[in-house]
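Shared chain: subunit A. Partners: subunit B in the first complex, subunit C in the second.
After this line comes the complex of A and B, so read on.
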């Protein structure tokens, strides 16, 4: 049982990277499908389509960021050896990972759908690119807030 | 600054000079023709004739562009082209080019090659199909004429069946059946495990044709149509087509080479002519809005007031029989809006235009949002190293490409400006390629630390506080602009009730809260309290205005105060400034960490580390610039514009020369 704390904390890091990553993968996939459809008509839209497709990718990066944050906190990066953790501390770290894991997962999927719709929009109105970028960014707000929550929670957890 | 003042021009001129006048209006690049409001407006006959001539040429140019461009290898890379690396030509040079180029001849040549290519492709696909049919008929040992023509007594058929049905067919028609005397069954060799279908051929006496066909159908044989032209053995026939296929393929390649040659010879010219004829089309579609009498034409257009003298000179130089009258827009007219900002603000115009241009008599929000966007972008990207990379890249681009078009140049300049704020915030938050200094150059740590004013890594609450404070300032600024705009239009009560009241309430609450926290002298607490109460009372009273029922008045008042939750949401939205700045710093940190880990690999470690660090930071710059552009923009559009700006103006679109492929000068 002495490593339960460490295991819980690692489970949290894994959830953050994995769930947010899955969400981004789905979101980018949905947007990519729409982009490919638009580009069969007009290959010149590659640049703007790529930007819109990339938007739901940030959640995966946020998840990775939190995972690294946790690994760093646990002392698992750079050969110093892991810090000792009670199971309670491990659970706290796991809890801190949940906001970005869950919100990252779902918001990326919905952002992907909005991006896909925006891609459809610029296929008909290329001049509306500015508006097309803002609509998916509205969804991302909540991923940013979840990231912030996770960071602040992690900073609050005392270990070692 | 702000929206440029426009004049409405009415230009009367003699028909004989209408071409010169149209050219002059287009050359100035500052005249927007006013579309006629008449429903059945007929363009002046002279202009109409010109337009139909140009339309014909444009059809040719479009056909050539569409057909030849896919075969054209542009010697100039697309990025260079976008940054202005393309030929400079004048309209008179283009006119000369147009008169010496026989577009019709080029079109005819291209059409001929296109047509021939189509025919060759058709033949080729036919030949390929026949070869594949013949390959499957190779098992048939006799000339195919037995099947396609037959002899006096014999004929035959070819078909396919499932491997499972082969034994049944053999039993019904093979050596042991009653048809054995009058028929011969040939089964093509097949792979018993994997074959999907099996070819079978039958030769039989004409006298039993009907019976044989019935037996075949019963045993699941579906007949294959053999083209009547096949008379020799399958191999002989195939040889003919193999020869034809390679001949046709050579022909196709030859035609493709011809097309490439045509493209190479003509595309540069066609592109120039495309810009030429498109310029002319825009020009005369503009003057097509004119009204005419027997000998005089009248064209109406908007022009910026400050350019009116230049334009008057230019037009009056054409002929003495020209009358130009300039008037201020009437109160019921809605002129287009042209943003007129100095060099420092102009690059930010695009942010306003992406949302919606202001109305002619509205406020231009560009100079108001510019400083905030500049700061917010800096906080989101927030890395001195990244700022240096962006700054250096842009300077290099400006040095290398001298002919960048104004729109593209302004957009790049926006990032040049923002790289400065990024550098400043990177220095005061101690971020240089993430934690590059801490990881790899410890010598510089004291220098870095001495310049640091905030430390988001160890004290994020401090930066969160700064972000929210900037948010409050941004929002309150928006409210004051809204109030100013209302007072300007004489709506004093609305300004106080809608905007000033909220300003008092929120600023008061902030002073109160900060004062209680002991960060400012205590008497500010009372000032804050008084402001907040005053603001709340005004909001409460204003919401019930015009409502006779006292009960409803009170309900409305409370509902309005409940609106303060939306301000809470707006302010918290600025926490993204911390989160995104933090994000880019941590991604940088992760890249340095991975680079450091890679450096431990024996022998090649340093190389891997360099690749990881350089590649990683380039990725990080790209992804973070996108985020740092989009999120501050959202703060402008949703939080800031939500307080005072709706846009809704028509952007000013003057007659200009078409510059799709080349830099056309007047």
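After this line comes the complex of A and C, so read on.
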């Protein structure tokens, strides 16, 4: 039981990186499918499609950021060995990782779908690129809020 | 199966569909040479040069090329089959009618020139199958249907009855393919198509003063409105049809019938309105990034384009009344 706290904290870091990453991969895949369809007919739209396809990728980065934050807090990045954690502290870190893990996973998939719809929109109305970016960016708001929540919660957990 | 790629590609292809304004301008051409020149920058130009200026064949080639292109990236080929299947049944009608004439002693009965290449079954294979009476491999219930057609012909010598038998089977087959796809919006579209065909028949039969009991065989089952309810319309004055069908979304089409005093124009207006209605039924798919119905919507819009092209070029080539021609243009895009 002496390493349970550390295990729970690492499990939280893994969840943040993995779930948000999976969501981003699915979201980028969906948007990429739409981009490929549009570019088959008009390869000149590569630039616009690339920007829209990249948007759902941010959740994966947020998840990675939180994972780094946790590893840093646990002292695993500097090579000095892990700090001692009670199971209660480990559980607090795990809970802190959940907002970005869950919201990141789900919002990336939906952002990918919105990006795909926006890519189809610019296929017909290239002049509406600004509006096409804003629509998937609205979904991003909630991923950013989840990231902030995870950061604030992690900052509140006292370790060592 | 994901339709994100398919729908996105269709969105790109939609940009090349010619709009009604283009056809209206095309009709203002001084002659057919000017009109064909105006098509120089469209996808039709390659087919016109390949078919030696024969615009009828060029239009068919454009539609066929579209179907072949879609076949390469649409995940469910049955979606294309629903669109192409009526052309198979058209070919069966052409071949059987030709053979009926040949058996009746007319040496020039066969009309291979009327066969369409748009069917799912290769026209040559279908011709061989029907002429050699080897129907075993034919899909959509044709294996049983063709012998039934022969029996009916031998018993009645009534080509119209045979045609109706073929149409009944066509709609049954369309409904079967749609139900197999498990896509409710496609099933709904096929039902609407049956309603549209029944309403078209009702308008024609009403002009010919048919009553509901004699007219019932002309109506197809499987639509949203029951065939006998459609037949009963014939007992009522046409002005009341719109009210009688007000619980359905097809009622709006009848406005064209009531607004026009000219019978010939009214029939063509209803026919055009029904074609537009069948596109409108799928309109909701436009707002979805991955609805499979977009495939059918694109094909119908393309078909409306080819129909408009034919109307415009026939008007220009034949020196027909341009205003009447403009009235026939569908609002595909």
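One rule holds for everything that comes next: the second predicted complex is superposed on the first by the 160 of 160 C-alpha atoms of A that agree within 3 Å, B and C clash if a C-alpha of one lies under 4 Å from a C-alpha of the other, contacts with A are read in each partner's own complex, and residues count from 1 in each chain.
The working rule: a residue touches a chain if its C-beta (ideal position, glycine included) is under 8 Å from a C-beta of that chain, and two chains touch if they have at least 3 such contacts.
Quick caveat, the model's predicted, so the values are computed rather than measured.
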(request) Between subunit B and subunit C, pick out the one touching the greater number of residues of subunit A. (result) B
(message) On the A-aligned overlay, A:75 touches which partner chain: subunit B = first, subunit C = second, or both, or neither?
(response) neither
(message) With both complexes overlaid on chain A, does A:55 touch subunit B (first), subunit C (second), both or neither?
(response) first
(request) Would you check which partner chain A:64 touches, where first means subunit B only, second means subunit C only, and both and neither mean what they say? (result) first
(message) With the touch criterion stated at the top, can you tell me which subunit A residues are shared between the subunit B interface and the subunit C interface?
(response) none
(message) For a test of understanding, state which residues of subunit B touch subunit A in their complex under the given definition.
(response) 353-355, 460, 464, 572-573, 575-576, 578-580, 582-583, 586-587, 589-590, 593, 596-597, 623, 626-627, 630-631, 633-634, 637-638
(request) Mind listing the subunit C positions that touch subunit A in their complex? (result) 2, 4-15, 289-290
(request) Over in the complex, which subunit A residues touch subunit C? Could you list them? (result) 30, 33-38, 40-42, 113, 116-117, 119-120, 123-124
(message) Applying the document's contact rule, which stretches of subunit A touch subunit B when the two form their complex?
(response) 51, 54-55, 57-58, 61-62, 64-65, 68-69, 72, 77-78, 129-131, 133-134, 137-138, 140-141, 144-145, 147-148, 151-152, 155
